[in-house]
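Remarks on the structure that follows.
Each chain carries a letter (A, B, C and D) given by its place in the written order, and its residues are counted from 1.
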C-alpha cells in the first residue's frame, strides 16, 4: 500500500526526520488555521498517489492568503476532485538530494540509493547518468551501519552539520524501512536549505500488502482508488481494475488473466474490467460477477485453468450468480482444470456453451463485443 | 555486572515472564506490608550475589507471621549481614526446569541451554549427564525463531498451555538477552506449578560491563561488593580484590598481575590485595597506592612491563605518591617497558632499589613480608 | 534423471495435518512421491495418509533422513518453517504459501544463499517431475497438462502454467521437470538459478520459460544464455505485453517501474540471446519444434 | 616468510588522526611497516606522518589497495570500523580497543567467519613480525623484548607477553610473528585458528603460547595438536594457576566457571597432547630448548 505524502511525513517526523511545517486540510474551511501554522510563502500540495503532481498543476504556491484561498478552491473543485491538501511552508532550497531505500530482489539486501541531483528528474538521471546514483547494500540480517550512512553522505558531498544530519536521517529511514515492512522509503527531494538544514520536502512510503496483518497502523481507504468499484472490490479482496472497453473479464490467476487481457488486445477487442476470482476467491463468483457487471460490459469472458480452484465449484458459482443476477449480457466461458467435466455439464445446464480453448473463447468474446450475434 | 535476583525478576516481569508475587524489603519494618502481598507460606530470600544461598541458610521459609519475623531478624542480623531480602509467595512446584541463554564464543552464537532436571543440581547434571542438557544455537544476526523455542519446549517434554507459555518465556528471555547486552540470562528453576503455570522462581542476569555505556539502567552499587575498599576502587575504575595476606600488589596488566600472584604463592608468600593500575589507569599511582595501603600490607610489590603505560610516567606517579602518602611499608619494584631507564633513575632518586627481573622482585617481596629486613 | 526431485527424493511435508497439507500429501503419494514424514507441532504420533507426523523438522530428519521439504503453512509462518527446514540441513525447500511478507522473503532467500540451499517459492505450485514425484499442487491427473517428456519448464504463474503447458503437450511434447519459482516480487529462487540444473540434466532437451512483466528474472535468463551458462534451446512466453503502465495487475512482482521489467525489454533481450519468444500461448509448441530443429 | 603480515602487507590505519592512531602510525612506520593509508571520517586530504588520510575505507582501498587494517578507535565504534573494513574487502583486521561489548564482538567474529576474513582482537597489542612490520602497539624498540627469530608467539595478554617474550629472548631465541588474540571473553580470532598459519610458515620452528585461566582456547590448541593439525613443538605458559575460584581477576575472559577453563585442566590437556608447559615465565626458554631438542 502506498501512503500519501502527509502520512509519510508524519512517520518521518515520528522517527526524528526533519519535515516542513505543515497542516492537512480536507476542505477550504481549514485553510486559515493551516496558514497560521505555515506562514507565507506556502505550498498547497494535493494528496493524490499519482506521480507528476507538479506538471499536472496539483501543487500550487501562494504568497498571500487570498492567493492561497483561490488556489485551494481550484484544487477542491469538482474538476480537479482533490480530497485532501497538505498546506506547507515553502522552503528555501539550495540543493535537492535524492535518498531512497528499497529491496534488491537478487541479492536480497536492502538497497540504498542516493543522488546529489535529486528532484523531479531523478528517473531521467537514473537512466542517462547511472554513475550519479550512489548505491549501498545492507545485509538484511544486519542493520544499517554508521559507516554505510557515512559512505552515502560523503558520496553526496555533504560536510559539517548537514553531514551529521544526513547520517541521522538515513539511519532513521532504515529503521522505518524495517519497522514498517516497507517496499520503498523515499525522500525526494531531501532539501538542503539556505540555513544549512536538511528537510524532507517530499516523501514516498510504500508498505508491503502481504505484511498488512502485522502493519495495522495504515488501512487502505477510498482515497487510494480512482473509483468506487475498485475500492469496493479491494474490500472483498478481489483484484480489480476498471477500464473503458467492452469485455468484462472474470479470470483466475494473475498470469492467465494478464494473458487473456493481451489476447483480447491482440484480436482487436477491448476490456471493461480486469478481475481475478481464482485462488482464495474462487468461491466468490457472485461478487465477481456483480463487480464485472458494474463495468458495463457487452460480454462477460470467464477463463480459468485451476488446480485448487476447482472448475466445478467455479462453474456452480457462476450458475448461481446467473440465477441471482440474471445478467443481460452474453457470457463466454473456458473453464478448465480440476473437475472440468462436471463444470462443463453445469454450464451446459445453464444454457451456456462451454469452450475449452482460451483463444477460442477470446475470439468469441471479441466477436460478440464488437456487435456479433451471440 | 551481575544483577540481584530482585532486579532480574523485575526485568522478567517487564518482559511478560511470569514471576512470583514478591516484595523487596531493606529492613524488618517492611515485612508486614510484604507479607500482605505474598501471603503464607512465604520465602525470605537474601539478596546476595554468591551461589549456594540455600545451603548457606540465606533462604528461609515461613508459614506464619511470627516465623517470618524471626527469620527476617536473623538474616538482617550483623552476623549474616544481609542488606536486602526478597519476600516471596512460596510456589507449589511440580517440576523444576532449567533455562538459560549465554554466549558461545567459538561459534559466536547465542547458546540456549535447557533441562527438565533444573534446580540446585544443574551444574552436577551438566558434568555427569550432559545429554540431559538440550542445546540450541541462535545466529547472532537473526532473532530466536519460534521453531527453536519449540525444539526446546518439546525437548523438555512440555505440552498444552505450559508448552505455549514456555515458548513465550524463552522468546522474551532472548529479547532481554539482546536488549540488555547480557552475558547470561538464566531462570533456574523455571517452576512448573501444580496449577499448570510456568513461573520464574529464581533468576540470574549478568550484563556485560563493556556495554555499560549503553546500558544505563543498572549501576554497580555497594551491594555488589563484599567490602568498602573493593567498591571504592571500582568507582575509580581500578580492578581490586582484598585478601588477608601480607603483600600488597600494584601491577599492570591482568595477565602479568595474575602471574605475579601465582609467583608469590609459588614462593610461599601471601597477598593482601590484587590491584591493576596499568592500561587506562597508569597515571593513577596515587589512588592505587592508597587502596593498596588499606589492605594493610607488610610490603608493596610493584611489577609492570608496559608499552603505552610508560614506565617513566608510572615511576614518577609512584614517587609522587610516596611523597604524599609517606608509606611506612617497604616498596619493591620491577618497572620495565617504554622509558624504563628514566623510570629506574626516578626510583633511585626516591631511595628505592629498582629491580628489573620479576622473579627477583617477587622473591624480595616475599622475603620482606615474612619478616626479612628491607 | 530430472532436476530437483525424483522418485528417490525423501520428501517432508511441513503442515501435513492441515486441510491443504493432507489433501496434497495424498496426491503427492498418488503420483509416486516418496513422502517420508510430516511435521505439525504438537501432533507427533499421528499419521496422515500413512505418513508419520513429527513435532519438529529436526526430529523428522533424524528419523527419516528427509532431504527435501514442501511447506503447507500460512504465509505468516513461512519464514519460521523455512528456517526450521534449513537449520535441520534440508537443502531443497518448496513454499506454496501466497502472501509472504517481502521482508520475510528477503530473509529466507538470504538464509538459503548463505547455507547453500535452494528455496522455491513462495506463491508457487511447486515442482513436479512428470510421472515421478512432486512437491506442490499440480493437476497431474489431467493428462493433457503434465505428461512425461523432455522439456524442462520454469514459470512464475499457476493457472497460466496449466494453459501453456497444455499447449506444449498438445504439440506432442512432454515435461521433464517443471519448477514454479512463484509469482512474488522476491522469489526465493530465480529463473537463472535453475538453468545450470536444466543444463546438466540429460533428460532435458530444451526449456520453456513462462514469464511475466515486471522484475528482471527474464533478463537474467537472457544473460545466462549470452554467457553460455545455458546452451540448450529455450522458448519463452511472457504475459502482460499489453498491460497498461503503472497499473498493478495481479502479482506483486508484475509492476512496471522505472523503465525496467517491460515485456518488450524482456523479449528483446531474450531474442538477442537467441531464445525464441511466443507471442501467444498456442504458439509455444510450434516454436519449441523450431528451436529443437535449429 | 611470516604469518599474517610482512614488509609487503599494505596496512591501513583506521582512526589515524587520533592521539593513539598517529603515535602508533609513527612507530609502525619506524619498524618498516608499509602503512599505505589512514581513515578518519571528515579528515580526507590531511596526512599523518606522511600517510594520506581518507574519509572512508572504501575510498582508501580503492586508492591504495590496502589489504590489512589496524583499528585505533574507541570500543564503542569498533564494530562499525571492523564492518567497514570487512565490507571493503579487507581480510585481515586488528582491533586494539579494550572494552568492546561482548555482543559486538560476537557480531564481528560472526561477520568475519562468514566473509572468510580474520579479525584479531579486541583488547590486544596486535601483530608483529619482528624486524619487518607490525599492526599494533609493541615496544619493538626494546631489544630484549622483540628480536627476530623463528619462534611464533601467540598470546592473550599485553604486559605478560613482554615479560615472557623477554625470557625467550634471554634464552637466545627470537620471534617470527607474534599475534595477540586479546584478553576478551570473545576474541574474534582464537588460538587454534592461528596454528595452521604457524604450521605452514617455514620461518616458524616452534610456537610459544601465553595463555590464561578461563575460556577454552588452550584446550582447543591441545585438540589441534592431538589431531595433528599442528605438529611443530609448542611450549605454553598459563597465568592464573593459583587464582581463587569465582573471583574475577582482571580480563573478562579469565573467569573460572562451571568446572571449565581451569589452569590445571588446560595444562593436563596440553601435556597429554605433547606440549610442554612452563610453571613460571623464566622457564619458557629452557623448555623451548627441550622441545626443539626432542
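By our rule, contacts are C-beta pairs under 8 Å (C-beta built on N, C-alpha and C of every residue); 3 or more make two chains touch, one makes a residue touch a chain.
As the structure is a prediction and not an experimental result, all values here were calculated from the model.
Counting steps between touching chains, the shortest path from subunit B to subunit D takes 1. In terms of C-beta pairs in contact, A-C outnumbers the other of B-C and A-C.
The greatest centre-to-centre distance from subunit C, using averaged C-alpha positions, is reached by B. In whole angstrom, the spacing between the mean C-alpha positions of subunit A and subunit D is 55. Centroid to centroid, with C-alpha atoms defining each point, subunit A and subunit C lie 28 Å apart.
Inter-chain centre distance (subunit C to subunit D, centres taken as mean C-alpha positions): 49 Å.
For subunit B, residues that reach two or more other chains under the stated contact definition are 139, 141-142. Counting partner chains per residue, subunit D shows two or more touched chains at residues 107. Judged by the touch criterion defined above, the protein chains form a pattern that is neither an open path, a ring nor a star, and not fully connected either.
Every pair of chains meeting the touch criterion is listed here: A-B, A-C, A-D, B-C, B-D. Residues 103, 105-106, 108-110, 123, 126-127, 139-141, 178, 181, 183, 208-211, 213-214, 239, 241, 251-259, 261-263, 265-266, 274, 276, 278-280, 304-309, 336-338, 340, 358-359 of subunit A touch subunit C in their complex. Of all residues in subunit D, those touching subunit A in their complex are 41-42, 44, 55-59, 77, 79-81, 83-84, 87, 107, 111.
Interface residues of subunit A, counted against subunit B in their complex, comprise 139, 141-142.
Subunit B contributes residues 142, 145-148, 150-151, 154, 159, 163 to its touches with subunit C in the complex. Of all the residues in subunit C, the ones that touch subunit A in their complex are 20, 75-76, 98-103, 105-107, 109-110, 113, 125, 137-139, 141-142, 155-163, 166, 183, 185-187, 190, 210, 212-213, 215-216, 220, 239-243, 247, 249-252, 254, 258-259, 279-282.
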